[in-house]
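Got some structures for you, see below.
In the two complexes below, subunit A is the common chain; its partner is subunit B in one and subunit C in the other.
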Partner chain A sequence: MKLRKILRQELLWGAVILTVLLGRLTNPYFFVNNNIDVILYTTAIYGTLAIAESLVLLVGEIDLSIGISSVVSPALAIYLANWINTLAGGGNMVRGGYVMMSWWVIVGLTMLIATVTGIINGIIVVKGHVPPFVATIGMQYTVSGIGYIVTKGTPLFMTRVENSEVLGGSKFMNLVPLCFVLFLVIAVFFIYLTTSTKFGMRVYSTGGSTKSAKMCGINTDRWKIFMYVIAGALVGFTGLVFVSKLQSCDVTQTTGYEMTALAIAIIAGIELNGGGGRLIDTVKGALFMAVLSNVMSNVGFLSYHRTFVTGLFIVLFAIIHKLSDSKRLRELNVVEV
Partner chain B sequence: MRKGTGQIKRVYQDLAEKTQGLLISFLILAVLLIISAVFIPKVFQLKNLENMLRTYAPGGIVAAGLSLVILTGEIDVSVGTIMTLSMAVAAKLYDINEPLTIVAILATGLFTGFLNGILITRTKVPSLMLTIGMSSVYGGLASILVKAQKKYITEVYSLTNLLAKGSILGIPIPLFVCVFSAIAFEFMLRKTAFGKRIYYTGMNKRASWMSGVNINRIKVICFTVCGLLSAVAALLLSGQLGSATVQLGDGYDVTAISISVLGGISLSGGVGTLVGTLLGFVTISLMQNMMAIAGLGNYVSITLKGVMIILVVFLYGLSARKRT
Partner chain C sequence: MENRTNSKPLLAMKNIQKGFNDVPVLKGIDFNVNRGEIVAIIGSNGAGKSTLMNVLAGVHHADSGEIWFEGEKVSIDDPNVAERLRIGMVHQEPSLCENMLVYENIFLNREYRSALGHLDRPRMRKESTAVLENLGFHIDVEQRVRDISLVSKVIVSIAKAMLMNPKLLILDEVTAALNQKEVEHLFEIIHGLREKGPGIIFISHKIREIVQISDRVFVLRDGVEAGTFDRTVDTLREKDIINMMLGESKWKGEYSEREMGQVGDKILLSVKGLSKHEMFNDITFDLHENEIVGLAGLKGSGITELMYSIFGIMQYEGGELLMKGEPLKAALPEEAIRRGVCMITNDRQQEGLAMGLPIENNVLVASLNKTRGNGKFINKKLSTEIAKDYIAKLQIKTTGPQQQVQFLSGGNQQKVVVSKWLFRDSDVILIDEPTRGVDIKAKNEIYNLLLQEKARSKGIIVYSPETRELLNICNRIIIIDQGKIIAEVHRNEERFTEKGILEIMHSY
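For the complex of A and B:
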């Protein structure tokens, strides 16, 4: 009886552990260093995007452009740097598909572009009063189109950029992938922000009931835009990790990562209307998805099997979370319509 | 206030009333028509018009069904994969018996729509969440069924070809289906009690429920119809393309939503008409056709589509807020 209660409370840890066990069962090399590295790297990517999406969801909005933005921002950054350089009289910094510029320039410009995209998203949604679903899908198309126009669909290679493999490929103290450690830092930072500070209070209030928050004097517009901006920054970081790990910048890479990020948020119990859910659950959800993804590819599931399984889990978790929420509402004598 | 501004406002309001709130859609359509008349006169060739409307008609059919769902206040992003799944089921049955296959396609659409509706109304999970999940489920199921292979729809399947490529009195059948569904739904929405209840459900779920409107039944019916129409669209689309792949429905969810939104349907429900959706269908088809003929390339087309969606919804939002 107590076990069931523990299971229900720690549903996500249970899911992670079960999947890990499943992984070990199906793959004798599950705990090999290489495999663990892959899982941790995937967790870092999924997790950062999921935190970005969760923050936007917490204020009651949604952002469907994060996948494409993460892939296109580095590309735009490189072309922008190149253009500025040629304007200033320097040479072409992209020769034969190989990028020849400082890594830190790429980092700076990518973060800038991604953050600006976040600002644009925020302004369209909050100031333009465009429903976020429509606005971010529109941005998804726009960013994707711009990315293609600028890069003409050709990939860029990072191998000649010094220090470019550090972010994605290197290990912290030779033990754990650096990107995972950075993800943990980001996660801890945002978890602390949302649970123990006024920042968190404002975010949850804005999402839970925008009208009430406004009447309490919270500038909901500013907080919503702020979340979009933070999401943009996190997306830029993720893009850099991609580029660093794969050592290439390819706009044609169809990501679908925004769906995964959304799936993780749903699995973590973050409510789509805002104000519900915890970021720590998002982290657990990201770990779960990463392990699940690893297990599935080891078992030999092709991409369509994996989308099927992911979809099943989204529906399953959405129903489980909703059932417990319905129970709470019933106890409060609120009849759901 | 100067006399001039009052008159302009009155003209605007007069126009807005005459077009029943679809002024923005009409304006955008007019702009597109003018641009194509000046720069791309080829668009107006009869053959091109017929082709364009036939090719993009499946999108309009899905949009008609989706508009009903959006009017009730829900959303269904799984329409694309319902299309794929319907044809995946068909791929297995085509060689057995063609009429049976068509029935199976429609049945798949009906069933998946019904499933969506039941899940949403019983578990009260937000429709966006649920249909995102179900979308992956249907899509994966479709791929598993056909093992991600292509299915060619040759001339052997005479009925499908007749429906997809044929015409009645010069009007392509897919276009006929699209226009007919939109007008039939519009009639239902305006003249029947059921239609009015759809609007009530969308405008204020709780008040309608308390007034005795069976919102669950209305939602389930709308979702079912949406699924059915997606299957119809899938049939007509694959008939035209001559093949059915697992990417059949890709992008149709966004296209259908764009068409509905362009036609003035509000995503929060209860606002909008099917006539508007029809208008939106013509506009998007025209836009895509213009860009194809002008040779603008896929990428510019994608960007423009994105910008236009945002712009249109923004304009509609402006006018809605001006009224209130």
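For the complex of A and C:
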């Protein structure tokens, strides 16, 4: 019985291990350095976005703009920097698609734009009382549109930007991809915040029972907006990792990553109504998805197949979570009308 | 008995007056509480209990009058001031975060943390357990609130209020959803509290409990003090309290004998020994044509569950139910509806209406086959006519049959729900709280409607927490307590008054 409880609790690790085994089975080069690097890079990307989505979900909201925002923010940052520069009398810093500006300028402006997007999302949803589903889908389209308008659909190349490949491409201590290490730092930071500080208390109470939280004097509006802002910042970071690794910035790249982030959150057991779930599980879920994604592409699945498989797992895990919920409710003799 | 009254009362409210929209609710109340004293406040609905407490808690401002706390004049402008004065309030519905742990809830917004922000969980766990033990209650503080029993939740709410070491503790209807055993357990804890010194205000509808727990009973009637009973001086008797609450009114409702009409002979619904584990037991009565039967009882009596079981939302376990002579045990409401039974539940927004749809759709939804006219599809013209007809008949205030019901007032929304079932033309109508959240004018219009249906040979079963409402429209009232029928009072009896019914309800 104890074993079953442990199995249920460590479902996600089990899923990871199984998928790794599957990976080795289908790919003799699974454990080759390069492949592991790819998996870790993917985990970093998926993971950061999943943490962003999880935080927003925990306070009872949702954000569907994070995917497109991560791709468009760097582009906007580059064009903005260029525009300011030309206003100030300097030359064109984007020539023939090649970006020629300081990497740190790009970093700073990307983070700024992404965070501002988060602020706007938060204000529209919380102060404007627009349902978050609607508001963030609207933002998704708006941001996408702005991206096209500004870039005219043409990609930007980062190869002439010094140090631009460090974030996404380099290895920490020559062992592990830097972006993965940074992701771990981010993950540990937020896991600590949510489990061991007042931050966690505020987030979980705001999402679990907004009314009760308010009656205790918690400013639930402020905390909800705060999560959108954090999500924005994390999205900015992810965008920079993309741009650094791929050495290009292409707004036509439809990522669908917000759906992946949402899928990871669901798989991790983050409740869509708010107040439930743990970030540590989100990290496990991100690892699982990254390995799964790797296995699928090695086996030759096209994106349609992968969407199908992802969908299957979302449903599977949702059912598993619901079953364990129902079992608990039955044990308590609660009547579900 | 030790004299608990110090020379200076802990709380002294002097000549408090408060009105809303020119309607006076509190008309000059003097109310005191002493340290270590349990004072109960009782009064009918609308007597002013909640308003008085809200003034004390800083939710409302009194129009005039003074509040003195610990010998000093205070002005309680908002809940934070009340908290600073160490006035704690525990509400009827425990305002806990169900998804969080017990000790997290107790310390919510008052967490112990280090300089860097790290939560001191061990300390919070220890102190939560201590606060609860102090109350005489043992519970594992690491459980999630949604996993603990209802009475535990109430006690945790009290523990949370106790954390600030309140000087005055207000318990507002905290026993509303608890059964007798749970209430006794709670009272042991409250009595234990008294030794520690806070003054306690206990608000309840249940006179039996008030007699059990209070040192003093403060009776409110129509916004003024009707009287006070002091245990050290008088014997607390339920009968006396009821008398003081209601006066000697012999009011039997606004309708004449003729308007109330004769009850028919034919039996529509026959309830025989219906029971459901832990909800209701051995319920037997008949519903005739041309009859309105009222069900009276305190919340938690099992009445709503009884109605649900007749209608098919829940299933009864024992006994027999006959609809027009044929057995009925509906697995789903659909079956009950087909047999001619309908129910108007107490939650019109969630269960009675499709809020985003127009009046027309809501009225027709239970009787779509009547909207076909001569063709196979819904006849739009006919539908609109039907809707308009009900709007006129029920005097529903609206811009038209296309207006979405979410934009109607509570009373008018209720009328739409009623229209839906009138259009269905069921023989038996079950209604749970017919005029909840409905203004006076619409209330009367709904009563008229019910009497009209009665005149059309329908049978109606009504539950209302307002005894006056039942007295107004029912031919007889069946009183149910803790799931059992304890009495049946006919309209022509002496006891068919507010006082009579209340006395029966509280004599058990």
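By our rule, the second predicted complex is superposed on the first by the 331 of 337 C-alpha atoms of A that agree within 3 Å, B and C clash if a C-alpha of one lies under 4 Å from a C-alpha of the other, contacts with A are read in each partner's own complex, and residues count from 1 in each chain.
The working rule: a contact is a pair of C-beta atoms (placed from the backbone, for glycine too) under 8 Å apart; a residue touches a chain by one contact, two chains touch by 3 or more.
All figures in this text were calculated on a predicted structure; none of them were measured in a lab.
In the model built by aligning both structures on subunit A, subunit B clashes with subunit C.
Shared-chain residue A:261: touches no atom of subunit B or subunit C. Touched residues of subunit A were counted for both subunit B and subunit C, and B has more of them. By the touch criterion defined above, A:310 reaches subunit B but does not reach subunit C. Once the two complexes are laid over each other on the shared chain, residue contacts for A:196 go to subunit C alone; subunit B is not touched. By the touch criterion stated above, A:139 is placed in contact with subunit B alone, subunit C being left untouched. With both structures placed on the common chain, the touch criterion links A:216 to subunit C but leaves subunit B unconnected. In the superposed model, A:230 makes contact with neither subunit B nor subunit C. Taking the listed stretches 347-355, 419-427, 437-445 or 455-463 of subunit C in turn, the superposition on chain A shows a clash with subunit B for 347-355 alone.
Common to the subunit B-facing and subunit C-facing surfaces of subunit A are residues 337.
Of all residues in subunit C, only 80, 95-100, 104, 108-109, 111, 113, 117-119, 121, 147, 313-314 touch subunit A in the complex they form.
Residues of subunit A that touch subunit C in their complex: 196-201, 204-205, 207-209, 211-213, 215-218, 275-276, 328, 332, 337. Per the touch definition, subunit B reaches subunit A in the complex via residues 75, 119, 123-126, 128-130, 132-141, 143-144, 148, 205-206, 209, 215, 246, 254, 257, 261, 267-268, 298-307, 309-310, 313-314, 317-318, 321. Listing the residues of subunit A that touch subunit B in their complex gives 62, 124, 128-131, 133-135, 137-146, 148-149, 153, 259, 262-263, 266, 271-273, 302, 304-315, 318-319, 322-323, 326, 336-337.
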